[in-house]
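Presented sequentially are two complexes of subunit A, the first with subunit B as partner and the second with subunit C.
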Partner chain A sequence: MKKVIGLIAFLAIIYLLLLAADPGARLAANHFNLGRRIGLYGIISLGAGMLIITGGIDLSIGSVVGLCATLLAMLLRGDRFPRFPFKGWLFDQFNAGLDWLGSLVNFPEHPWAAILLVLLVGMGIGLMNGVLVTKVRVQAFVVTLCGLFIYRGISRFMAEDQVKGLGNQFGQLKSIFYSSEAIFGLPMSLVYFVGLLVLATVFLHWSIHGRYFFAIGANEKAARYSGVATDRYKILAYVLCSTLASFYGVLYLMQENSAQPSSTGNFLELYAIAGAVLGGCSLRGGEGSVGGLVIGTSILVLLPNLSLMLGIPSALEYTVIGGALLLGAVLDEVLRRVGQRSR
Partner chain B sequence: MSPSLLSARGISKSFPGVQALQDVSLQLNRGEVLAVVGENGAGKSTLMKILGGVYRPDAGIIEWEGRPVAIGQVDQAQKLGIVLIHQELNLAENLDVAGNMFLGREPTWGGPLGLIRPRLARDAEPILRRLGFDASPRTRVAELSIGQQQLVEIARALSLRSRVIIMDEPTSSLTQRETDRLYDVIRDLKRDGISVLYISHRLKEVETIADRVVVLRDGRNAGELRREEISHEAMVRLMVGRELRQFYRRSRHEATARPVLQLRHVHWQEGKPPISLELRGGEIVGLAGLIGAGRTELAETVFGIRRRVSGEILLDGHAVVVRHPIDAIEAGIYLVPEDRRSQGLVLEQTIRFNLSLASLKDLQRLHLVATRREVALAEQQRRDLNIRCPSIRQTVALLSGGNQQKVVLGKWLSRKPRVLILDEPTRGVDVGAKSEIYALMDQLAQEGVAILMISSDLEEILGMSDRVVVMHEGRLAGELGRGQLSEEAVMRLATGAAA
Partner chain C sequence: MRCGIRRLGFVTGLVASIAFWGCSGADSVSVSDRPDVAFISNNAHEFWSIAKKGTEAAAKETNLKVTFLMPPQGTSEEQRRFIEDLMNKGVRAIAISPNDSANQVDFFRTINQRLPVIAVDNDLPSSEARRCYIGTDNVAAGRAVGKLIKQHVPPGSKFMIFVGKLDSQNAQERRLGVVTELAGDPDKAKEAVEKMNRNEYPVQFGDYELLGTMTDDADQAVCRRKAEDTLTKYSDVKCLVGLWAYNPPAILEAVVSQKKAGQVVIIGFDENEETLKGIRDGHIVGTVVQDPYNFGYESVKLMAALVRGDQSVLNRPDMNAEKQIFIRHRIVNKDGQTLAAYQDEKVEAVEPFHTRLKELKGQ
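Moving on to the complex of A and B:
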């Protein structure tokens, strides 16, 4: 609790400094932009945070985002998918499967079906990660690190390393995900984020399932001995994380109008984890809150802005974020120890 | 009269929400074995950690040979000659014996790279021989038994030229033979003028080894016993502040004729014979055996932690499929596991969180936690089990062992058990809580619950069981009815001596 108050204070200081340093920052347009980015990062931090609370980790988030954004762009454009350049029964079947899928739905005419398919792909990746971690018992770090490589490779292969843009099409669809005159003038990504926040708060902090998440993260064995279906809940956490990543991919494409298979989503997993950790999640598991995640994400978004305005070159952006995270971790540990000493 | 070697006067120490020590005093003389006993949470470990330099006291004076000293750090204590050997041994398992003894003080040729290996072993040799340590100083610690590792810790203390060695529950994982060996070592140390502060739950050991006993109760001095005054009853009286008239409580009543739980040829590992066992309602069956005899494995198989290879589990005559603890819990078979800190409790969470964890499915409304019912359940268990805590929002990690164990029990008691398996239910539990747990078991048996109690404490087995089943090397070695019960009979079966 004290941690959250400290984080709120830190966030408030950054925000006020930002306003004081630059009159331009006070404009509504800047706020809109900040809100948009908080919404975007928040969505994946939420997924990563819930997973971290169960004691898991996902390094493949960025590549899943890249894969899903690229896949969606190609489906909407009606692009033909490349064939596997191998011969043999298995690959023929796979290629035939792709053709069948393409003939099943005319995705450019039914964009929602494409979005649904992309979300299902995200879900499937999460399911696979979860099963590999719980049933096959490969370390989560390894499973998802491999995912980071694999999905990036697939998106580049699939798009033949070409940028996939949507052009002027799908204006209506885009406006649902990105519109400057949306609800109360709020950026749509923030609106989605707030909606997800409400759901996540209910799930994580009020429902029995959230209780299980915390129990598994803090002591998986004790949770199992208490009759919690630990494997199932861990898989659920991976599914939630990857599905949110694929949702981010959808939002990203709709806002940016194009997907770059080799770079879209790069480093996002690290932003997501950084946001969760800044917001009070412990990588040991069992610790964290939705409120903390929001604050952590906001700090992550505001901090580079502030450093730019203070004249720190933008090339140092990563350094500023890393420094803040390290400082936070050190302070947390030192304060904890001082707290114990004074007992 | 010369001043005592080490004396502490008026020591106080508090942690958030707990006054761990209040105005505690203690004197230790040269070559003396002083036992410090008390219930869990009485402040023994805190006091030892203050003397060993791990904690700083809030108030009080520590004197070494009559001169006041400040012991704020472990190395200051070591410089004086005080070494604390923790209950959980602190050895680097990948290093050899000599390397551990001289860790951080290795003789070198002058540079950090110039470690002189042969000299390390040569320096270690005489100290180890003095302790009757029979393995080479070049053995890796990971290959040693717990008892041998304990000797390495003592050897380390001796190599520091210690004059006071503090041993916190040194025998908790030792076999009887290793324990006897430790006694010999302690007697030798005494002869050389080294003092030992000995902390133990096992009052029998204290009777054997201590020259003097200091009893703590609720963080204060409760009394002191000279050699000739030391007895089990006297210590218990001081520890709990009252006479425990009937420690083991069993009321006479008949078990139901029909078995509640039947294990038919239950088998969980290749190469070991299957196990068949029956539990009737209202009886407490003791499951005795040496460590490694397969008792915990049997319990875990019944509870669905371990995969059952073959055989049947029947509840009230009907086969139940147990693949996961969820199945066992649904059937009303509950396990209080051996290691409550790693298996029984989510330590960082509150009492309420832990008490409701196994019952959340019944405490939900539309998947949300019904907070009011949850609090009511937790408060009721707290009252029924007499869990001593400021509030159910207290973190479980801050409770004493006895109260932690009550929380583990409470998790199941709100669910109406049919079969309750207790694995070492009173390990690391203080005397007061112990007798409360015994009373509870008796009450549950009267209500018709079938109880299987795994225990390494023979007194407990004999005191509480209606009948005793003994395991030896993965198989059932025999069964003893109430009339046949004796320590010797159980041990004969447990060691495989009886055919």
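Moving on to the complex of A and C:
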């Protein structure tokens, strides 16, 4: 708690500023929007945060989001997937496999199967990342940076560079994942986020498995020598991160109604990592908390809103956000030192 | 304890000082007799800074306050965020170049019920989603590019198209215009276009063979690299076409670096400084320009009328039955001469065009 006190103060400053900036900022509608955005960004920050706690990093989050949103849109539309433009036995088998998969389930009629498949794809990507990092021992930075390029390319190839939209179909799904306000009038993304937060808190802070996450991040060797199955836990962290990214892809598609294969999810990994690090996760691993993640994400969401409400030119928006974040980080550090001295 | 108090003082001081700054900012915004309207572009390219000048001029004439926003990443998600926040902030009308018009119809329909929405540059495919549309007829502008090819490239030649992203509507429309003009008519183009959409290159359009469409995710350096690779791979390519503003300069750099200047015809789109310089120097045969200044100017004029309850502007004589105002594109070439294949296109010489452009940009 001590660690996040500076952050809470910083969030409070931004929030007060926002309230003062414009009458429109005080409206319930604005708070609803902010809540929805915190829910959305929070979900990927949560995944990135848990991974960072184990000392890992995932740069492919944005591309995984793009891939999953595009894939889901195509499955729901019942689109035909392009064939690999190469000849040869292996590619023929692969193409035949695609046809077989396509004939297996009629996804437009069974949207839940499509969502499940997309989440499994996310899980599979995480598993692959995790195995490459732990078993093959390629640096996480390299593995996931390559993923960033690979999955973006696959989405574009798969969609043949076309935007994939849902039109006005799947109203029920959109309601469940986006538009419904049935639960205390809260935006759906926030509802999912809160649910995931509870699970993450139990897992990270109240279970032995969470202890292991922190132990691995702080000193992997020590953890391994004390009998922790470090590889397995690290793989788990990658799987969680990519699965949450694919879930974000589902929510994104339901909200935006379309996936743009070349840009959906671009730079999202940076927001996710920024949210986590700002919220007290150390990139060196072994530090961080669920509460901090929430605050970090909230700050990231509030700043652009504040910038617009203050009427700052949009060209300066990034500068304002970056400057404010830096100020926050400095403030956090200063408060911490002052706190230590007074003890 | 003493430090604790000092800390508290520091924080409250900071809050107070920033809050004060915030309040003073708020005061300056809430001038009441000037209605707030907003203009949202689809990305942060130079093109829109010319449109911004147009909005400023019209805002002065009509006594409006215009918030001009450019989404840095150019996604529909950012635009949605801007709109939500602007509505809470109390804007009374919005002009927007929607990034993913086909799939945002429902969203814009709900917005358009609450305040006037004007589609700029990219139309929304539903009359309920916007009051009217202002922009270029991109298929027609693409056909003008096709006419430039017909005029300057010998029949039987191979050419390549460069554009930022193909999942953007104007990119697809422009490319469709180019190949339709070369094929002769839309019916003849149809089959070839389908082949093109399936990536089965090369595709024959009339007397010309399209080698492919190169995308670069709106990155000029990537475009240049791909243009260089194209020149290396296809030694017989005769023409390179760039459909987004930064494409022609990137292509020109590539052609010069590969020592192919004079052997390859370059045709551009939009009015990038380097493109105009290339035309003046004779390296680029021509470019098709839009009129972003009037996108901005006309849309603010329309918003001014609509927020003051004047619906008659929606029956302006230059508006067609679908409530579209097409702002005419032009061909810019070296001497402003209308050549045989240009047919009924408007043509302008690069010098006077550039002079006027510089005035608009305040240079």
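FYI, the second predicted complex is superposed on the first by the 321 of 343 C-alpha atoms of A that agree within 3 Å, B and C clash if a C-alpha of one lies under 4 Å from a C-alpha of the other, contacts with A are read in each partner's own complex, and residues count from 1 in each chain.
The rule is short, and it goes like this: a contact is a pair of C-beta atoms (placed from the backbone, for glycine too) under 8 Å apart; a residue touches a chain by one contact, two chains touch by 3 or more.
Remember, it's a predicted structure, so these values are computed and weren't measured experimentally.
S.K.: Pick one for A:95: touches subunit B only (first), subunit C only (second), both, or neither.
M.R.: A:95: touches no partner chain.
S.K.: Using the touch definition from the top, say if A:201 reaches subunit B (first), subunit C (second), both or neither.
M.R.: neither
S.K.: Looking at A:267, would you say it contacts subunit B, subunit C, both, or neither? Reply first, second, both or neither.
M.R.: A:267 sits against subunit C, while subunit B stays out of touch.
S.K.: More subunit A residues touched by subunit B or by subunit C?
M.R.: So, of the two partners, C touches more residues of subunit A.
S.K.: Of the partners subunit B and subunit C, which touch A:21 in the superposed model: first, second, both, neither?
M.R.: In the superposition, A:21 touches subunit C alone.
S.K.: Report for A:167: first if it touches subunit B alone, second if subunit C alone, otherwise both or neither.
M.R.: A:167 contacts subunit C only, not subunit B.
S.K.: A:175 in the overlay: touching subunit B, subunit C, both, or neither? Say first, second, both or neither.
M.R.: neither
S.K.: Flag every residue of subunit C that touches subunit A in the complex, lowest number first.
M.R.: The contact residues of subunit C facing subunit A are 1-4, 6-7, 11, 14-15, 18-19, 22-23, 25-26, 29-30, 44, 67-77, 80-82, 84-90, 99-100, 102-104, 106-107, 165-167, 197-199, 215, 217.
S.K.: Quick check on the complex: what are the subunit A residues that touch subunit C?
M.R.: That would be residues 9, 12-13, 16-18, 20-25, 27, 29-30, 33, 37, 82, 85, 159-163, 165-168, 252, 256-258, 260-264, 266-267, 304-305, 308-311, 313-315, 317-318, 331, 335, 338-339, 341-342 of subunit A.
S.K.: Inside the complex, what are the residues of subunit B that reach subunit A?
M.R.: Going by the criterion above, the answer is residues 14-16, 303, 305, 324-326, 328-329, 335, 337, 342-349, 353, 357-358, 360-361, 363-364, 367-369, 411.
S.K.: Touching subunit B in the complex: which residues of subunit A?
M.R.: Touching subunit B: residues 202, 206-209, 211-212, 214-215, 218-219, 221-229, 286-287, 343 of subunit A.
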